[in-house]
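Only one structure is covered here, and it is reproduced in the block below.
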Amino acid sequence: MQTFLTLLISGLVIGGIYGLIALGYSLIYRASGLMSFAQGDMVTLGAYLGIFYYVWLGLPILVALVLTFITAFLFGMALERGVIRTLLKKNVIPIYIVLATIAVSYIIQNLAQAVFGSTTQWFPQVFPVANLTLFGVTNQTEAYASFVISIILMIALHLFMTKTKFGTAMRGSAMDPLAAESCGINTSLSTGITWGLAASIASLAGMMLGPMYGVFTTLGSTIGRKGFAGAVVGGYGNMYGAMIGGLLLGLAETFVAGYIDGTYKNQIAYIILIVFLFVKPTGIFNEKAIQDV
Amino acid sequence: MKRRMIAILLALVMLFGLVACGNNGTTNNGGTTNNSGEGGDTTEPEGETFRIGTYLQLTGSNSVAGNSGKQGIELAVKQINEQGGFNGATVVVENFDTQGSTEEAVKVVQKMLSGDNYDAIIGSVNSNEVSACIGYINEAKVYNFGLGTSATWMEDDSMIYTFRASCNNNRIAPLDVDLIKELGYDSVAIMNGTDDTGASTADAFEAACEEKGVTVTTRQQCDSEDTDFTGQISQIISSDPDCVFMSLIGTTFGPFVKQLRNSGYKGMIGCKECFSAEYQNVAGGSPNTDYIFYVYPYVAYTDINDCEIPNMKAFLEAYQAEYGELPAHESAYRGYDTMMAMWEASKIAGANDDESLREATHQVVCEGLGGTMDFTDGSREAYSDFYSFVLVGGKDILVEDWLADGGYEEYLATTGRDR
Amino acid sequence: MNNTLSTKKKLPIGIAVAVVVLALPFILQLIAGNDYSVMICCIILVYVIAVSGLDILFGYSGQISLGHAAFFVIGAYTSGLLNNYFNTPLWLTIPAGALLATGIGALLAWPASKLKFHFLSLATVAFGEIVYYFLYVSPKIGDSSIGFTNDYMGINVINIPFLDNYTKWYFFLLFFVVIFLLAKQSLIHSRTGRAFMAIRENTHAANGMGVNVRKNKIIAFAVSAFYTGFAGAVYVHLIRYIAPATAQQKQSVLFLTMLLFGGTGSLVGPIIGVIFIELLLELIRPLQEYQMLLYGILLLIVIVALPGGLYGGVKDAIVSLKRRKETAKLAKSDQ
């Protein structure tokens, strides 16, 4: 029973991280109908930004958090402005956008190494208490925090997208840019903000992962690729779906490693991904916004 | 339009020419070698040269080992050249990045071999890359040292041009088991990575356990890119071992120790190599990293003053002076030892050709950073004596000293364990 | 380019190209004084087959694949293992590798053919990863420590006696490149090839015209996997080593980059793309730890600045040049 509880809690924690990544994917897809392969590296970027503000500049953690959020937001927006928009304007086939985000992911990984070196950077703990024990299961405080943060972000984003004027504008410009434009919506700005938001959500995940695993250049790449499974399982483009999909993925992985064999842990994500794509591509939430099915 | 076609063709020809010439320039022995493409980290020496090519993982995950190894080699080369080089020939090192891909390593090695102008080849810290490459190196009969610690690639006795100046994990694994028995334990759980070194060391360890009568309660595996080990750890805990042995790689060490401690395990943890400062930081430092024991020729120093071995201290000081920091990874020691063993061989041989160097290496006996390097037993390996350490409060203590000072009783008292 | 060049002009250019291609290994050995540049040419030839295969899938039938390296690895492992452990001769192992890749490609295409762009790319990424992990955890073959189908070993492959130097390899590969490119051209100009293009342009319209979309999509996938599987099967004997990690996203992205850089849906596009990217990678190799950074930056610049690929870009330039000439002519005649 104790084992089950340990696995359950840890699965939820790692699932929360996958959920955050999947949230980014869904957000971008929802608002621009595109797919980014650089989302995992935004996690890495966030972790290194955290090191820069928190360790190098010695700023208080909250300030560092906010600055990381803002910097990542600007980076995401610059990416959209400089690369994605330029490509969209040239009316290219979407594969170029996918490839451009892959190029960006190479650049982030290797730039991080050029600046910070290849040594794993030590990210000091963020909270005054190192560990928390819940239901007899001890975990790092950051692990629980990342779970709470993912849930809060999910709800906030959902409300933002459905209840605010701005969110509606964003959804509108994703659905039909021309019609949205004629309604007076600044579509270019809203997609820019979406990409920025996706980047900053991932950067927060990076800030949480840093103290847990140390910061290295490929910190986010595996997590980023697995995050796709979370997004597809929940229904690509659905905020709640992304979260639920991420959690399910985390649980599936942890239980396989805990009860069967750790060797198969990483295959589970891709098997789930491909099975869902073939059998139920709209995900458990049966997302209607998907145009690719 | 025709002009455009010609322009494309011209551009292609130019690229071809550049590649061909760049290649030509770097493989041209001595004289006016064009070295502009080498990133300016080798200055062109006058007169005769001894050209060493290295293949190391300089980018990607776990590239810290490759970069440290590279710095260790370059420091040794600097010192060797100051003292006359290899029989008067200036040593020149050219590094190639394998990006952590075995295939890239093979390509790079093929490049070095088909150029046919490298006097020796060193690499890689990653044993799977060494395994993939040494066949081709030996076919071409080029003097070669490997930097990995896995036993696998030294098992083949036909690889007579390949030597190793670092340790063989399969020689260490039985000593780890001896240490476990010395502490009075009779069961152990194994956690290993699926990389070459991790898996082969765990194989050797498991075999030694069986031979020496230590029960393996469970053996868990993980991917070298994994960061969450809860599943494996809960299986380890429920098998209730006396101690845990980890045979992992790079970025997985720190998180594994931290998560193992968080799961409530306070006992001793065996490690296949020294537990470097980088890992300690990620693992959360003391008390998480307390009571990690290992058998290894080297210790990863975090402070020069901790070091009491004279030649190691001299190396650390020289390293600090050269790079402004202590080695981030113990592979720097391996790279340095490798160069020193080669240098010693060149002194004995009195010549720099592959055959003479290969034969002379079997006579090398010299002081290395991890004790005496002795190649005379014909195994093509330097080290056969190792030290046992235990990590307590961030300090590496010799196990015999630790036991003599009542460290074990203290361990029982602090952790509240009966074993 | 075929329609802009008259047959009269085409012939001498063709002969010139043929002469250069045939003399290339000898010229290179003369300039560089070693075999390495010939080895690079061999790798280029292998990749030309692989990327041409990807072109059939993406350039002609409009289906994206970010997992093509998996077919490459399937071909390589099949041929390498059969040759190494069962002493099967090369002329059997290479087709076996290619055919296994074809079969798996068709199997994957069966459910994947209903997916569209982004989701198809995700499915192929997942496919690549699954192939990687399958090889990674598969059991050892034989007792020797060398030659597991495990990541920590990959497989080393024995030498092929009649291909003992890179110049021989070059002509061996050149022969197959010519055959595969001719086959590609005849496929494209066949009924099936036209069906592919109809699907690429508009799936619904193609369906309406009586093209069996699903069947043709699967055929495109299978043919493409055959090309790439074949390339992998030859590659493993050329480099004499293959590791499961090659099946992962990075290699697939490399293939796609080569294709897009050269230009899709053409005969020369893949060739130009492969040559450029491979030479570029060789050129930046001396930068050591900075090479991947530079590669990423160059990749991004090329994508943003030249999204039609090199061949496409030149083609556009030619068209605009021609138009300008024509307007000039018109203006002249008006005067």
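The chains carry the letters A, B and C, assigned in the order they are written, with residues numbered from 1 in each.
One rule holds for everything that comes next: a contact is a pair of C-beta atoms (placed from the backbone, for glycine too) under 8 Å apart; a residue touches a chain by one contact, two chains touch by 3 or more.
Treat the numbers as computed from the prediction; the structure is a model and nothing was measured.
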{"item": "Chain contact graph, described as a line, ring, star, complete graph or other shape", "value": "complete"}
{"item": "Pair exhibiting more inter-chain C-beta contacts, B-C or A-B", "value": "B-C"}
{"item": "Mean-CA-position distance for subunit C and subunit A (Å)", "value": "32"}
{"item": "Subunit A-subunit B separation of Cα centroids, rounded to whole Å", "value": "35"}
{"item": "Subunit C, residues touching no fewer than two other chains", "value": "137, 289-290, 292"}
{"item": "Residues of subunit B whose C-beta touches two or more other chains", "value": "58-59, 63, 67, 194"}
{"item": "Touching two or more other chains - residue numbers and ranges from subunit A", "value": "109-110, 113, 118, 263, 266"}
{"item": "Interfacial residue positions of subunit C with respect to subunit A in the complex", "value": "58, 64, 66, 111-112, 114-123, 125-127, 129-130, 133-134, 137, 249, 253, 256-257, 260, 289-290, 292-293, 295-297, 299-300, 303-304, 307-308"}
{"item": "Of subunit A, residues touching subunit C in the complex", "value": "29, 34-35, 82-83, 86-87, 90, 92, 94-96, 98-100, 102-107, 109-111, 113-114, 118, 225, 228-229, 232, 236, 263-264, 266-267, 270-271, 273-274, 277-278, 281, 290-293"}
{"item": "Touching residues (chain side subunit C, partner subunit B) in the complex", "value": "4, 9, 13, 28, 31-37, 39-40, 43, 136-137, 145-146, 150-154, 156, 166, 239-243, 245-246, 272, 275-276, 279-280, 282-283, 285-292, 310, 314, 317-318, 321-322"}
{"item": "Contact footprint of subunit C on subunit B as seen in their complex", "value": "1-2, 4-5, 8, 12, 15-24, 26-27, 37-39, 58-59, 63, 67, 95-97, 99, 101-103, 106-108, 110-111, 114-117, 127-128, 131-132, 135-136, 152, 155-156, 194-200"}
{"item": "Contacting residues of subunit A [partner subunit B, same complex]", "value": "3, 6-7, 10-11, 14, 109-110, 113, 117-120, 122, 125, 130-131, 138-140, 209, 212-214, 216-219, 221-222, 253-259, 261-263, 265-266"}
